[in-house]
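Report on one structure; see the data block that follows.
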């Protein structure tokens, strides 16, 4: 088996294109095996306390703890067809003194599964830090844009005004939920513990039967050494629902990021013309169309988020089919699904940061949309005012609806919006709202309720938590 | 549109076959509309406090609050093509005095979405109660079976012994996680609040501008009246990630239930012969094969759980595509996905309860498997004992592995298991373990470590929380 | 069990809101049981030919073939817990003479599964007819709009011009693929055949052993009577991959419909302002905002299509887990998944037809976008012309890219598009393209290549096939 | 950017662990870029025919066609942020004479998307060849095992006998369906063609306007040179539903492989004891339990198949969201999803072949199950015989059902199966079936109907098609 790989074979985009180096290192084989050895050392150290293993043996193991040699391990694996046992042989070969006691009493999963829990936690920590950064960035943006009025769109149709800050605060609220979820999942990460082949600790009971240590105490020693709480109950592996919780937490963030990116793609579309993603001065939009300014970061986020969304289901299947005391139908896909999900998430975090930092707000487009569509929204004020003066709400709604349809028809032919006139000249309306008051009522730009205040409240919540 | 439906048209299995009456009522149109009217009354009552609405009007609304008339509403809907406005018209027609002020200042989603949050919470409460019942039932079972030794299987291959109680405790641990998750989701259910068309409260600001009430205070009054906390930020609807959280919580339980049911199907298979599901004395297993005792409850659980597993993705899509201040591409599928998920869950709960209550444990099958396969497992004791006496672990593992392969080959031809003899006569082993001790070591039935203790600990955790 | 259901319990939206009556009838319990009885009659008739059953018995069965009595069947089912056996008892009770021989030699799935194949085929036929109608409608539209120039958008950014007909032809091409797929799936629908409990025909061999009929001949007689080819090999059921093929075929159409609907939602957004969905004169867009014209049909299509997309996975799971000679974990979810998928598809077909029939094309919006953005696209002509005159393509691309960025910046501030001037005054360009020719080159509206011709070719292909 | 990667960073399991070298090469960046250059050469060659490009330029391009230099391309990409344009620059730099005309008239997707179609087709060809091999292997096996009787299991409960050949023929039938589907998809693979930025061929119309070539003729020349038919209609890319068809075809095979592997896992479970997967003589089953013989190949197949099953949905999303003339939200995930699906499929093919070649059939286990459970199945013969003699089927079914329940209860306590006696001594039965005949009827081992014949028919169909 080759030890280096290049572009003449398949390289996953998560190897060379997406994700940070830190995140990739966590999902490297080398790091995994360092964690394995760390656990073997911790196990030996615990066993030393009751004399099952000598100080010299532990020292020998510790001395070679980081001498990962994957090429050698792959040689062993060819015969053994068991990657962890191949690593035991590789490690043992390096440790003349301690080699024989590596893995004493253990089952593969006492090592592998705890290591997996550790690297999932490491990976979650990266995500959490970057999310915190994102939330702070977003908070700054919200504060700046809290009162910046723009049209809101429902059904992709102009609705009423809102503020950019409020719109971002919606994203921030979801993002804060993601943050809290991922922190909770991180805090709840547990290892299988040191429980042997089927989780009963039977082999350790045997091993320790005339020592002063119970299997549970041995487990506590080892798990404290690696700083990982164990599940109370485990079969051969930790309960696979933990993977599902982890992937769901990432898929939740992917969902938030997806909406943000899609909104940006719409708002960057020139007919909308309100937002823009930062663009390198030499960046090529299209090889055929030199004028293109494509929202490629936002599009990429949608693309990767969609992939992440497909992955929790694989974990669900793994957990649901982990029959009796475990089956191995989880193993193959976990090698791809876990790292891919984290690396795709990592890329989303990077791109979302880039977009937030460089987000372009196009004042002209914003004002133009407000001018064109705001007056429709402002009819709600007339509706409210007349309602307060006793006008039947349902009837008035119908009157304004008809005038609006006339107005839209005019605008679709390029004519100016006639709505203000239609309203000001309708006696069924002016009987309840003074004509003179109508122009003032039809100004949309301060029809934003308490959006700024609520946006700022969201920032406060974020600053308290993150 | 017809008002009653029978078997000559399509009836969902969740209408007539699966789920409890209580759960179905929550997902009825009638209940939904009662909730709508409850919110309209609460809104009017709040508006009355600042004189926008009279006492008489509120009283009129309250008097007709439960007079749901769906046939009439459907007549209105034919023209309006808007189900909530059709209900406004229906209700208004019933309320001669208060009809005109229904929905004052509100957008449809101020009513509909808060009502949806309420019924999701009602539905979660049903799930939580039944889960608690299940956990208690399971706890009782675990206590009874804590020390009941049986073979554990990994890879569907005999591994080492465990106890039935420990196996059930694994399910219980996952189930407790489901319980905690669902309770957390329930406690976190929030409504959209009373925030108007795009969530800015602009219409309410207008309506209340010369009263003593702020929009936020109005929101508080209404939401307290219906006992539902609002999101701080919402656009036209509550953030759709809430639906995803809800469906994921249900899918988590479905995952636990799936594994339990599949395990039972395996253990009920006569070659395993250890467990059985309760069976009615008149129940027909197969129309062709009168001898069949099929695990139809467990199979049904697997079937419905698999459907539930497909649904969170729909909610992810809804949330991720809820563009700008909302789009309506959530609405159609939510009418099916939310009730179906709850009703399928409800059915899983019922069937899992039935299975736990009537679970048959077949002592003969359990003993037979222990006798056949236990001795393999017990070799681990020899491995441990020799390890403690200085034998190289890796070499000994290999020796036992080879004897085991010989033993399996013999058994596959129907011969008795020769493993005990092979071990007792191998000097490479007896040099480290006294021959005399070997028979004792090869008894599997107390090789269960601390499984019983851990199983009981799990029960303790459950009893504390539930 | 109740026999009628109303709005005080859960009614699926596919019962009362979505899908045609014809499609619902196919998925009714009544229709299913009529098919069962049809198969029992066909089986008895075949058995009569070799004297196992008398003419009178067959006649008796035939006389009661359509006397479905679900209430009575449900009474039987309460004890038997087996819906098909309950129907046998119901039917037998009605047939004093032939009752005893119903289901002779058969296993439930000989009846149920063939009936399921029949109703799937019936349902596919409805879909095929409606798809054909849709394709014809679309073809007419394409012909009308084949030369109607409009801006094309890639990345939601203006790209080059295209024609409305060409854009619709893209949808038509996918739709034709759907049509061909669904027809192929329909033509390939097979039943389980008449093969007994595990598909070996053993019971029929037994039954027929001293008659002139082989089990295969019996199968042929029955299957010809119900006009359904059987699989050569089946276990207890027909291979469940057939369901997956069916659901995938529907999901393919849902994918096409989804894109069409989403495009329409974008183009109906007033900032785009090019297309519109038909709108009833009394239709209410929003209860709060009387001016709204929301694309609710297109949004609903996206919503239901997304649900359909989640369902093939359930069928994959059913097929993949149909262990050994079958397990029952398919049954529960198939009761929901198959009808829901067909009824949602049926609704998509109806709405897509409505949208195509009433599609509004807004000339003003189309022209406005062409005027604003067409000039960018037309730079490609300059690029081509200069390329033909020897200008280095990569360098020129870069020059135009920079001018375009300047132009976008101007437009974002509301200034007129300066691109034409920038190009006409750049010597690096005019050295290769005569200044005088530039204005002509920069006209976008006939820069549409062979789009009209290709659009019409697509219509030709459709008219040949459908 | 690094050019080689090793185990200290993330390497996908599809880089180093799963899939064949041939398949990996197809999904390498190097191969992709060779295809790009092949298309650029074909395009230049076609343009040469009308004098847009000189012979020397084409020759220059051809001379450097295979000089892929990814390191250099990545340098360009850093600025350009566009991978195809980076390759144009790299290639142009190598071609002093022809460099300037590379990509003339083309849009990126004229190159990239046709290349993608080519490598998908290459990859499908690998799959097809291996599937054919598998089908032949399976056919041989079926012929050998056509009459080999074993118990069939429905609901994981013993049902009636079948033959191993018939069971394998079921798999073969599905596999043949997969084969036909994948061949059809392969034969239907089309490229985008040479249609420019939005599919209208406008740039080519421009370029060719005073030549003798139409854009369609240019397209034909290029596409014939690369031997790939084009879609009649395309926007910027080929319709993304093609990816969905491809992934579904793979997911179909994954479904078949999943069922086969799961069946094998069950049958290899010692309580079943009928089949076994080949096992290396040095292979370690478990690091803790030296006696384990785990079905790791079958488990791995289930694991990877489950991953494949999650991927078509990503392609559905890509196609459904390919808005207007295309959006880029497909690009990122396609880099992972397409190769991963093919490489996982490739691994399934390899493992399934290994399992079929080395499949162990354990005669002892098969006979033991037949002896234990066959008699139950054989009651169907009594049912048939009595039915033929006029016994009421429903009543007799009930009598045998009750005896069977008694028999199961006895067996669950380890007693011999009393069913034969119960039946032979029941006058309600012996009145219709001669006592003497009963023992003969209760022999299960030839109660297999026409299973062998049908199994052989399936082989015939395979041999005709493959």
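Labels A, B, C and D are assigned to the chains in the order they are written; within every chain, residues are numbered from 1.
Going forward, contacts are C-beta pairs under 8 Å (C-beta built on N, C-alpha and C of every residue); 3 or more make two chains touch, one makes a residue touch a chain.
These numbers were taken from a predicted model, which means no experiment stands behind them.
Asks: Comparing the two chain pairs, does A-D have more C-beta contacts than A-C, or is it the other way round?
Replies: Pair with the higher count of C-beta contacts: A-D.
Asks: Suppose each chain is reduced to the average of its Cα coordinates; what separation in Å results between chain A and chain D?
Replies: Here the centre of chain D sits 31 Å away from the centre of chain A.
Asks: Just curious, how far off is chain D from chain C if you go by their C-alpha centres, in Å?
Replies: Those two chain centres are 24 Å apart.
Asks: Which residue numbers or ranges of chain C touch two or more of the other chains?
Replies: Residue numbers touching two or more other chains: 88, 103, 153-156, 159-160, 196-197, 203, 265-266, 284-289, 294, 296, 299, 310, 313, 317, 321, 327-328, 380, 383.
Asks: Is the chain-to-chain touch network here best called a line, a ring, a star, complete, or other?
Replies: complete
Asks: Within the complex, which stretch of chain A touches chain D?
Replies: 1-19, 21, 23-25, 27-31, 68, 70, 79-82, 84-85, 88, 103, 106-108, 196-197, 203, 265, 280, 282-289, 294, 296, 299-300, 302-304, 306-307, 310-311, 313-314, 317-318, 321, 327-337, 339-340, 343
Asks: Inside the complex, what are the residues of chain A that reach chain B?
Replies: It is residues 52, 88-89, 92, 100-105, 152-156, 159-163, 166-167, 169-170, 172-174, 177, 195-207, 214-216, 231-236, 239, 241, 244, 248, 251-252, 254-256, 258-259, 262-263, 266-267, 305, 309-310, 312-313, 316-317, 319-328, 380-381, 383-385, 387-388, 392-394, 447-451, 454-455, 457-458, 461 of chain A that touch chain B.
Asks: In their shared complex, at which residues does chain C touch chain A?
Replies: Contact set of chain C toward chain A: 153-160, 265-266, 268-273, 284-296, 299, 313, 362, 364-365, 368-369, 372-373, 376-377, 379-380, 383, 397-398, 400-401, 404-405, 407-408, 411-414, 419.
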